[in-house]
Amino acid sequence: MLTLLPTLAAASFLVFLFIHLIPGDPAAILLGDAATPEAAAALSKELGLDEPLLKQYALWLGNVAQGDLGTSIFFQQPVLSVIGDGAETSILLAVMTMFWIIAFGVPVGVISAIRRGSWIDQISSGGAMLFASVPTFWLGLYLIHIFSVGLGWFPSSGFPSISDDGGLANLRYLLLPSLTLAAPNAALIIRLVRASMLDVSREDYVRTARAKGLHPARVAVRHVFRNALIAVAAAFGFTFAALVSEAVVTETVFSLPGIGRLVVQSILRRDYPVIQGVVLVVVVLYMAVNLLVDLAYASLDPRVSLN
Amino acid sequence: MKLFPKQKRNLLAFGAAIAMAGGAAADGTFRYATVGEPPSLDQHVVTSDLATTIAHHMFEGLYTFDSSNSPRPLLASGDSMSEDGKSITISLREGVLFHNGDEMTSTDVVASLRRWGEHGSRGGLLFANVDSVSASGDHEVTIQLSAPFGPWKNLLAFINGGPAIHPASVMEGSGKEPIAPQDYIGTGPYMFSEWVANRHVELVRFDGYVSPEGTPDGYAGQRSAEFDSLRFIPVPDVGTRVAGLKAGDYDYAESIPGDLYAELDADESVRTILNGSPIFGLVFMNSRHGPLMENFALRRAIQAALDKTAALHVAIGPEGLWRANGSFLPEGNVWYSENGTGQFSLGDPDSSRAIAEEAGYDGDPIKFMVSTNYPFHYDSAVVYTKQLAQAGFNIDLQVYDWATLIQKRAQPDQWDLFFTHHGFVPDPILISVMNDNYPGWWTTKEKADLKSRFTMSSDPAERQAIWSEIQGLIYEQVPTMKTGDVYTYNIASPALKGLGEATLIWPHFWNVSK
Amino acid sequence: MPLLDVSELEISVHSTGGDIAVVKGVSFQVNKSGTIGIVGESGCGKSLTSLAIMGLLDGSQARTTGGTVRFEGTELLGLTMRERRKIMGNQMSMIFQEPMTSLNPVYRVGDQIAEALRQHRSLTRKAARERAIELLRMVRIPRPDERIDCFPHQLSGGQRQRVMVAIAIACEPKLLIADEPTTALDVTVQKEILGLLRDLQEQTGMAVVLISHDLGVVAETCDFVAIMYRGKIVETGRAEDVFSSVAHPYTRGLLNSIPPVDRDVEVLNEIPGRVPSIEQNVPGCSFHSRCTIAAGICREIDPEFSTVSGKHEVRCHFALGSNNRAE
Amino acid sequence: MTLLGSIGSAVFGRWLATTGLIWLALVAISAVAAPLIAPFDPLEINPIERLSEPAPPYLFGTDHFGRDTFSRAVYGARMASIIGCGSVLVALFAGGLCGMLSAYFPQLGHVLMRVVDVLMAFPALLLALVLMTLLERSVINTVIVIGIVYAATTARILYGMTLKLKGEVFVDAAICTGAGHSSVLLRHIFPNLISPLLVQASFVFAFSQLQAAALDFLGLGLPPEVPSWGNMLAEERIYITRAPWLLIFPGALIILTVFSLNLVGDAIRDAIDPRFRGDIAGV
């Protein structure tokens, strides 16, 4: 984990540099159109945004080392609590999405590998590829249009916290978004599961298993699928990164108060501390997920040992 | 950081809850879909219309406007002016409580006015002419002017970037930086509850509210909070706002595109509410730098090339929602004037070309900045660029996001034209082009003369006449070009009771229930 | 009645140009406790034949298109998969060429042995484990009670092949098919495994079908031998008969290409030419293009079996050592 | 069989992949001959005809500027091709070179692959968002940003493959016979990477379409006046009920194109050297 620190430091510095190079002054945005440039400049100074970049970075880094991500310029609230609130939405969305991906992607992939060439395989493989080809926002727009506005089955947008009135029932707000987000990723998992199942089924040890007279279902599950899982687990790191990316779009379409939309809006209003905070959190999260993937990998494959 | 609910429920309960789901919102909560997250709600410094839409439920000023846009007392109970027109005494309503339970006194008012005067966005307009503000009694304040100043009451009544009254304790030590949410203490019918970044701003009913008397008229008169809470939920995507209102997830959604008007107006499940006061686009010209600086003829050439009607048609859509009106304030308003409006929308490329040639235009590129954050800016700018090209202008259309545009427009060497829009204001002094420091920096001698006459006078008829002259000067020197009136509209759930046919400037939800 | 009776077996593979028969008219028998060696170069169809007998042909690529395979009098090709699985790994089992990849890398070897046991015998987990240790001991793996918990990658190639043997004999099969069991191993380990197989055969009385490209191995181990070339058996007979009087030029070629153990040679005698592609339709004797003694007839007529002596049969117009040998 | 021959037979062996290839050919033709095919100027504003339903002469209707959607769609094919080819070039050149050299020169690789790690730690769209806000909206910037995003994944994949190849006998043999670094890389390693690069190219092409559309949707992609399918969707998305054709046609075009690319990419992948099966995840 320590070797990741330089990566993290480099990433945070790059982001810091990039976002401060973007033209735009948060003070001017805060004050609105009617404010004069002089007023904006004065506020900017008061916020310490006129200091040299390196000094600002050093200050920020020092605070981060003490667990303080700073204060949002726009919200005048601690960045940690701003992100924390967005994280509830994003994490729940990610968990629900992962649920769909696994619940749909894995069984369909397994079945289409087992019934290779059958109509089930043709439909699910073709369907998977088709879903992987749909822009998420387009899919989202139509899901809202059909299922919220048209049929009234699900809420269209927003997400009240599950600590709000309604409690866990509020998760229904995440149904359409998570399905939207799951569609292309489940499609990728279907293809991956199918491909690795087919790869594994060519292995000699699968022949050995069949030679024992095992039922084909047992061969498929205990021998083929169990080994295919290794490759699939490795891909979940990728899937996570893809999820975070696509969550930005999905949260925008469904107007979800998650960190994806937060970061887009923060970039638009140049809320530097929030952007930096989100990027830091996402990168740390990504590394954590990769670590988990490595752990999962090691527990799935006895040949891999963790150093 | 609250990630998970306090109440622990098992999955069984979750299943049951999902089953009974659907429109299970609390009746006492009013849900308003906003175009985005408001910046700070501090009315002194922030001029965003969205911020005011939320904030004027909790912050009140000394005056407010009635439906004819005339100032009426709100926290004030009356006022008197000295003979020389330089001393204003305002008496305050007694027994008005702040949300923290303290009674409002002249100390609070003086502290609020002073901070607004020093740091407020529009405070300088008034305070340039103010010698002192002092408490002349527990419920009386006196404003000493250096010279008579006509628009004082309009400025005190205009809450956007205006003098909201806060407790003196909050004002103490607050400067340019907006006050923090925990210090949002006002006197309004709703009080601040929470601002969950990215999720919503919530106001709750203030039970200790002391309402002004009188029949509701515009923002004036009796106010009563009917909802338990008001929630302002950022829904930046307009399609989602419309879908969400139709699906019953919001009670009210703002800023809906004109092209959807006919469809939504015909929809039984949606109520459309026009804004009574139009907003208008402005194309500013750079008076400090570049080819347009002081070249009024060239500016008039540009003005002559534009057919504003075509742009309004493309950018807004149905004809009921826009008016190709050259007067800065709409017809029917006391400030309406037709002076200069003959130049408003000539759409004449040939005469434009001729004037430009005479003005010495040699095909230098003219940098035109526009932002895509507001589709109607962008759409209009595209049409204008086309029209200007037909008249022989070499327009370099530069498309930025709003934040970049604001940054760039502050630098005189970065641009020649930029597009923005202006909300309705009850007094022309509040129009941005009147501010010498506003980008564009229109500071000609003619303007200065007229402006000082305009502010010195307190006689309404005289002021209207002077404004008409100023408008004529604007069409002559062209510091900015008005692009026409746009009547934005909002949509609401038909279940809401007490909404007027149209909103005045910002929608308000006291006296509204469902 | 022979334990295994293969008769006129034909196997076809699917290709874009239609089905191609890659194994044609293969017939042989294995008696109880008998050993037969099937020899040929790679691609001659010997592995397909063994997989067909076992019932492991992957239907999408290759399938049996003719002939019969009788095991203890039962016609296997007519059985449902469900019925065949009852025989597979039970009365008939198989070990494969690649010990490095034939064991599932994610399971402990004990579990993989136990899996075969529990499939066909109702054993408790504990009993299966004890039996697995016993089997490991039978295949001469040292400290079997420890090795049983090893993963395959922790074992050497020879040990893995021993584990494969343990899996194969777990249910005391009547027939063991060994497909090139020693090809991938060191020479010394080869000897040990072959010795192990022979000893196990003596102990349990099972019959063995040994598939190999190595005549030497077969000569040492088998009492019966069949030589395959391009999907057909070209020479068959008791091992001592075949090796003492080689009748087919191909068998001769194979024998000549074995380096003699007792003297140094400068040049090894290779069979000239290449095996024609399986998709190529070769008229006449399929070996004629590489045969040193081929004549006109060889290009036109595919020879039938002719008896050399006793059970020693050969497919050649000019069988070596017979009277009609061409000059 | 030659590389092209085997790809050809792989593609033509499947009717779906063949259909995909035909569609891609149509897109390519539209891209090249857009001015000949499009009946109108894609930028011509015509307020009177705004929001017309699909009917001759406006095959796909008109948008809120009164521009012909069909002509914009045709020019959109041109944008799609430019974005796709550009991203592929950037990703494969930068990523491929980086991956190959890193694997071949371990010291260099130690540094370069760290950089790739940093890039990989950013979710693609987040990186693109920051870069696009920084660089301003333009076609070339969009291409560079998307290219960089996929350069990282390409570098990873090629790194692994080159390492694998480096261990193969023929490379050792070449080194033993005294071949220089450039000769080994160019003559011995690179030719073996061509077919996997081709597969990677088809997937980068496909993903770049979706990525560009997402950027357009967020208002951070191509300049808004550029007629791209993503911009058409982004700009007209409020008309989902008022003028449904404005969303259906560009959406269908994106889906069909990406779908075709995936089909063809899959077919090629199945046709190439099985040595790399599984190395190309299509990401």
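Each chain carries a letter (A, B, C and D) given by its place in the written order, and its residues are counted from 1.
To be clear about the criterion, a residue touches a chain if its C-beta (ideal position, glycine included) is under 8 Å from a C-beta of that chain, and two chains touch if they have at least 3 such contacts.
If you're wondering where the values come from, they're calculated on a predicted model, not measured in any experiment.
Of all chains, C has its CA centroid at the greatest distance from the CA centroid of subunit A. Chain closest to the overall centre, judged by the mean of its C-alpha atoms against the mean of all protein C-alpha atoms: A.
Mean C-alpha positions place subunit A and subunit B at a centre distance of 38 Å.
Centre-to-centre separation of subunit C and subunit D, using mean CA positions: 51 Å. Our note on geometry: subunit B versus subunit C, Cα centroid distance of 90 Å, whole angstroms. Each chain gets a centre from the mean of its Cα atoms; for subunit A and subunit D, those two points are 22 Å apart.
Counting only residues that touch two or more partner chains, subunit D has 133, 237, 240-241. Chain contacts: subunit A has residues 22, 141, 145, 252, 268 touching two or more partner chains. Working note: touching chain pairs come out as A-B, A-C, A-D, B-D. Contact residues on subunit B toward subunit A in their complex (touch as defined above): 1-7, 9, 13-14, 17-18, 20-22, 24-26, 33, 36-37, 39-40, 45-48, 51, 121-122, 161, 175-178, 180-181, 195-200, 233-237, 239-241, 243-244, 246-250, 373, 401-404, 406-410, 420-422, 432, 435, 437-439. Against subunit C, the residues of subunit A that register as touching in their complex are 116-117, 203-205, 207-216, 222-223, 226-227, 230, 300-303.
Contact residues on subunit B toward subunit D in their complex (touch as defined above): 237-239, 242, 257, 259-260, 263, 310, 313-314, 317, 372-373, 375, 378-379, 382-383, 386, 397, 399-401, 404. The touching residues of subunit A, when paired with subunit B in their complex, are 22-26, 28-43, 46-47, 72, 74-77, 80-82, 84-89, 91, 141, 144-145, 148-149, 152-153, 155-163, 165-169, 171-172, 252-255, 257-258, 261-262, 265, 268-270. For subunit A in complex with subunit D, the residues that touch the partner chain are 6-8, 10-11, 14-15, 18-19, 21-22, 126, 129-130, 132-138, 141-142, 145, 188, 191-192, 195-196, 199, 231, 235, 238, 241-242, 244-246, 248-249, 252, 263-264, 267-268, 275, 279, 282-283, 286-287.
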